[in-house]
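Please find the structures below.
Two complexes are shown next, each including chain A; its partner changes from chain B in the first to chain C in the second.
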Partner chain A sequence: MMPNEALRFPNGTTIAIAAILVTMPWILPSLTLACEIVVVSTGALSCTLLLGSVGLLSFGQGLYFGLGAYVCATLIRDFGMTALPATITAVVAGGLLAAIAGLLIVRRQGVYFVMLTLAFAQMGFFLALAFPKLTGGENGFGNVPRTTVAFGQLPLSHPIVLYALLALLCFVAFALVQRIIASPFGTVLNSIRQNESRSEALGYDVRRFKLAAVTIAGGLAALAGAMNTLMLSFVPLSAVDVETSERLLIAALIGGVGSPLGALVGASVLSAMSDFLSPIWPRWSTIVAVLLIVTVLFLRDGLLGLGRLLGGAVRSER
Partner chain B sequence: MSAQVLLFGALNGIGIGMIYFILSVGLTMIFGLMQFVNFAHGAFYMVSAYAAFAIAQWTGSVLPAFLISPLLAAAFALVSERVLLQRTYSLPHEAQILITFALAILAQESVTMIFGTSGKNVPVPDLFSGVVVLGGFVYPSYRLFVVAVAAAVAVLMWIAIERTRFGAMVRAAAENAEMVGLLGFDSRKVFMAAFAFGGGLAGLAGALAAPLRGVEPLMGREALAIAFVVVILGGLGSFSGALLAALLIGITQSLMSMIWPGGAHLMIYGVMTLILAFRPTGLMGRS
Partner chain C sequence: MRTRREILAAAAVGVAAPALLRQAWAQQDAIEVGSLVSLSGTFANIGEQVDIGSKVAFEYYKTAAGKPLRYVQLDDQGDPGRAVRLTQDAMRDRGIRFFMNCTNSAIALAVAKEAASGGGVYINQAGADEMTGSLCNKNTFRWPVATYSAVNTTVRPFMKQFPDAKKWYTITGQYVFGDSLLKNLKDVLGEVGGQHIGNSYHSLSDREYSGFITAAIAAQPDVLCICNFGSQTIDVLRQAVSFGMKRNTKILVVWSTGLDQFQSLGPDICEGVYFGANYWHGVDAPGNRLLTGVIKAKLKVTPSYLLTAGWACTQATVEALNKAGTTDVPAVIKAFEGLSYEGPTGLEKVRAEDHQVLKDYYLLLGKPKARMRDKDDYVDVVSAEKAFLSPDKTGCKL
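Right after this comes the complex of A and B.
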């Protein structure tokens, strides 16, 4: 990767992300697909941040995604909030939960960390199932009204307004992650990924840095969850299940965790596949699994890396 | 709640806990032996449970499945190790996790293709369909059978680990895998044996659990999470830790399902969180 490029913000990637977000509604067959891609990329971004910068593999971002989705839905339906304040509260709630769970998780390293993220995600699922009065249980959390962006202005019932809000939130998330990677804090995270014990020897409190990264990633996943609620006006129980965690992680991996742009690429590929393939072949996850194996064994930087590789090959042929 | 109901719940819990133990012990052994985290472990459990379902359909009884299903799961584990997993031994943990995770998805999708998405019931074998009466205390005989089989397996495993050459190697490798290799043992064969053994045990757990809980494609995922809780609390590579943790969460789940059925599974993770809050390195206390 190009470290110097990644350490600048805003950079070419920022422009590419903005360009993709603006053009998507015109290129894609449906605005729904564009909305879906934007939501999944924001969630995948939380995995990209954890794995790409700190080297933490999380199988549990669905926990925060689900929390964000439920908090946003509750605030809009039962407290009459508008979209923006509800979303911001959801992000704060996600970050808080991630900080609390993170306190227990970052005490364990390596594979224990991964197993704990999965166990806590599973716990979130059973929590949602055990309190149907709050979450709607298996029937999901329904009747979330289409509110406005804020102060009763800009109704989300208008598809373009909805997409614009989601795309804007997504862009803010990407810009934030890029800013973090480019910051001194991001440099420390990167050094933890490369050599944890050496970073510790240099005097960095590794656990605190990990906790901070886990908290931010929790907030990002909750943001995606809140966006999902705005998109669907509904929270299915599946928003908080382990499969959601897995989808976000797979999107990040397939796209490549070396750059935030990978989250957008991976989410686009995954959502497009889901959109086109699931009506034809319900077992299309088989292809995703094969793609995942190929990515891990042969394409360390995901599809984004493959694109760069091919781009480089084309350039050198000229 | 009367003492009898409590006893009933505790006995059920021991049965569930024993199944959890058999399920988790392969995961903990494979990790102890080769520092390999197997996210496909739940898939071995699920595939075997489905095999038990199919066998019960064909033969009319699930009994032969208790022998055949674990062997099938062992074969599946062995083939996956040879074809795919051995390629990842030199890769970082993250790569191993993701490859085995992908393998689990493949297994889940294949099973869904064959058997469909809906859950299926597996009848309790006729031999154990009755109840056992112990001085005014009535208990389903199948559950008693599960506890007996699991206890026998646990004892056999203890003998295999503590008293045999293979066991000595497993224990030695868990302490220092490199040294065992230097002593001239073919690590390739040890790894293959460990995968087959661990997969077979997960398979046995799946076959035993099938008549109790039925089969459905997502059961592998659930089992994997449970096995993780067991090794998080018991410590990776620790047999006694796995037994203790498995019994603890089995009994928790069983007692909770009488008090608050909706929260029975939740409490497994609640107990895990509570223990971790006070003992960050789990029950056995080693990091």
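Right after this comes the complex of A and C.
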């Protein structure tokens, strides 16, 4: 159930997200880890929007992530664009592809919807592999220069400028999702999630609303892909593989899909675990699997829900 | 009972500890070398071996340019994106300028660019031709041979031995590396009078190849040539042999990793099959005698290609640092260029024009189990040759 506070915008969550994004570079031991968290949380946000608001489980967000990454990289390297226009174009491309794929995907529900998203993701991966002249194939898309933010100003070669841009884009994405959830459109999406048949009986064109949500989520995933390109100056083939889709979904689920903040929490936990645990124990991903099982079985609202639960318990003791 | 001041002082020490440690490291004046290895993720089996090989080399060499060496393990988890991040962190936060190793070409190409833009030096084991071709850079070096060399040093001696084996069928991985092998093979066949009668492409995720193999059998080739890498090589060869292709067709695997693949396949499958390889432990060369001696003493195993690849990159870095006598990056790059040393494959030389290590590539022939002198003696060395594209044809502009 969507908490009532979520129906206001801006709210406490907006401030919390802004505060986390501003303080992260000072809290974390590395700025690149902060950049990665920002990118993954933006991608996970697309899963949060679909699953938390409309109840659509997508295993295919990696497709749009990859497209965004390739479009942004191509525009910067081959057309000399700067970061902002390249990113905006990538978002539009991701949204368009999601709208086209969505026309087919939203015709089915439940497990068939999930399988279709997976099929599209696989298709994207093999297309990327089949056109190495466009994507670089398994070698990846390289030689992307570190451009400037826009109009030749603010070079991304400066780590703080890069983080500031990524954090700003991430914040805009979170604010947009919060605004959507708080809007009448978001209320309809929520009603579809709770009872699709009843929403249809009330006269809402459920397919059209789902298509809109899929399109927005595709644009968000493409935004994350473009941000990934700005961070790495490179697009690995893994950007478009199913593992990326899984990673975004796992981050969303671990954090909790009840609030956009969950995507940021999930991405932070996942990326930090990967950074801190991998030097200690090579099989660290087992811990992620256990965490996912615990989350799915006992923490329906993810770690964010657990935090709220603990916070509530402390308050009631006082 | 602790006072508030004591607790605050302890907290301050805790906060400052990483900075103090970093300072302590710097004071020791050691040369830190970042090693990009995948210890978790899809390529963990490769990364672990490369990592061990490098660590053994570090323990053996201990110093370079008069300073102690320190091995800094960077687990990229098989993800090029993470490898780039780790490289950026290592350069920015720890001031590391020397890097080595990779578990796939995508990681190497991505790290090479990062190392170049951050003013570092990087030597790796990438298979992609672009590493010393169109995507080469001043700061990066590559130890294994390119696909041109692999094809020319296997197909030409093979054709000399079997001039009547004219009809060739290929099973190729449909990715950049597989396509490069195939293109080079077609070129060589054209030059030596062979005929390429057909090809089956498989994808990066294929595990079942019976359809491709029946297509190859139907074409009735003299030679089945396998142009892919890794576990897919093992699977294609195993299935081709189980379909009986060895009986009336010769099989050539252009790119293999040698011993570890032979151990997976077993002597019965290897017998009579030709393999191309970057390294074989049975080669009599001073550098190889040193390597096998150290590896056997430390690990009680025969060195495989992956262990050797980790060793070889460390050795080349140490040799270049010793030649330069300093850790100054431009001086080390200059020392690398033209560097000549006794490596695991004999005398190895770093070509200045494209930063390729010029070394032997082997054509090996699987021997019968009865002829194996020990449990790792799977093959005979048919030929050991150096064949490299001339620098003006690699596409590398340094």
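Definition applied: the second predicted complex is superposed on the first by the 315 of 318 C-alpha atoms of A that agree within 3 Å, B and C clash if a C-alpha of one lies under 4 Å from a C-alpha of the other, contacts with A are read in each partner's own complex, and residues count from 1 in each chain.
As a convention for this text, contacts are C-beta pairs under 8 Å (C-beta built on N, C-alpha and C of every residue); 3 or more make two chains touch, one makes a residue touch a chain.
This one's a predicted model, so the numbers in the text were calculated from it and none came from an experiment.
Following the superposition defined at the top, how do chain B and chain C come out on chain A, clash or fit?
Clash - chain B and chain C, as placed by superposing on chain A, overlap.
With the two complexes superposed on chain A, say which partner A:293 touches: chain B (first), chain C (second), both, or neither.
A:293 contacts chain B only, not chain C.
Per the contact definition in the header, classify A:118: touching chain B only (first), chain C only (second), both, or neither.
first
A:253 in the overlay: touching chain B, chain C, both, or neither? Say first, second, both or neither.
In the superposed model, A:253 contacts chain B only, not chain C.
Pick one for A:140: touches chain B only (first), chain C only (second), both, or neither.
It touches chain C, and chain B stays clear.
On the A-aligned overlay, A:110 touches which partner chain: chain B = first, chain C = second, or both, or neither?
The first partner, chain B, only.
Per the contact definition in the header, classify A:285: touching chain B only (first), chain C only (second), both, or neither.
both
For A:233, is the partner it touches chain B (first), chain C (second), both, or none of the two (neither)?
The second partner, chain C, only.
Looking at A:30, would you say it contacts chain B, chain C, both, or neither? Reply first, second, both or neither.
After superposition on chain A, A:30 lies in contact with chain C alone.
When the two structures are overlaid on chain A, which partner does A:204 contact: first (chain B), second (chain C), both, or neither?
It touches nothing on chain B or chain C.
Chain C has the stretches 238-246, 292-300, 310-318 or 382-390; which one runs into chain B?
The segment of chain C occupying space taken by chain B is 238-246.
Which parts of chain A are in contact with chain B and also with chain C?
After superposing on chain A, chain A residues 126, 129-130, 132, 283, 285 contact both chain B and chain C.
In the complex formed with chain A, which residues of chain B make contact?
It comes out as residues 31, 37, 84, 87-88, 91, 93-95, 97-99, 101-103, 105-106, 108-110, 112-113, 221-222, 224-225, 228-229, 231-232, 236, 260, 262-263, 265-266, 268-270, 272-273, 276-277, 280-281.
If you look only at chain C, which of its residues touch chain A in the complex?
Result: residues 18, 39-41, 44, 48, 73, 75, 77, 79-82, 84-85, 88-89, 92-93, 104-106, 109-110, 113, 117, 128, 130, 135, 174-177, 179, 203-204 of chain C touch chain A.
Give the list of chain A residues in touch with chain B in this complex.
My answer: residues 51, 55, 57, 59, 104, 107-108, 110-112, 114-116, 118-120, 122-123, 126-127, 129-130, 132, 242, 246, 253, 283, 285-286, 288-290, 292-293, 296-297.
Given the complex with chain C, which residues does chain A contribute to the contact?
29-33, 35-36, 126, 129-130, 132, 136-140, 142-143, 146, 157, 159, 228, 231-234, 236-239, 274, 278-279, 282-285
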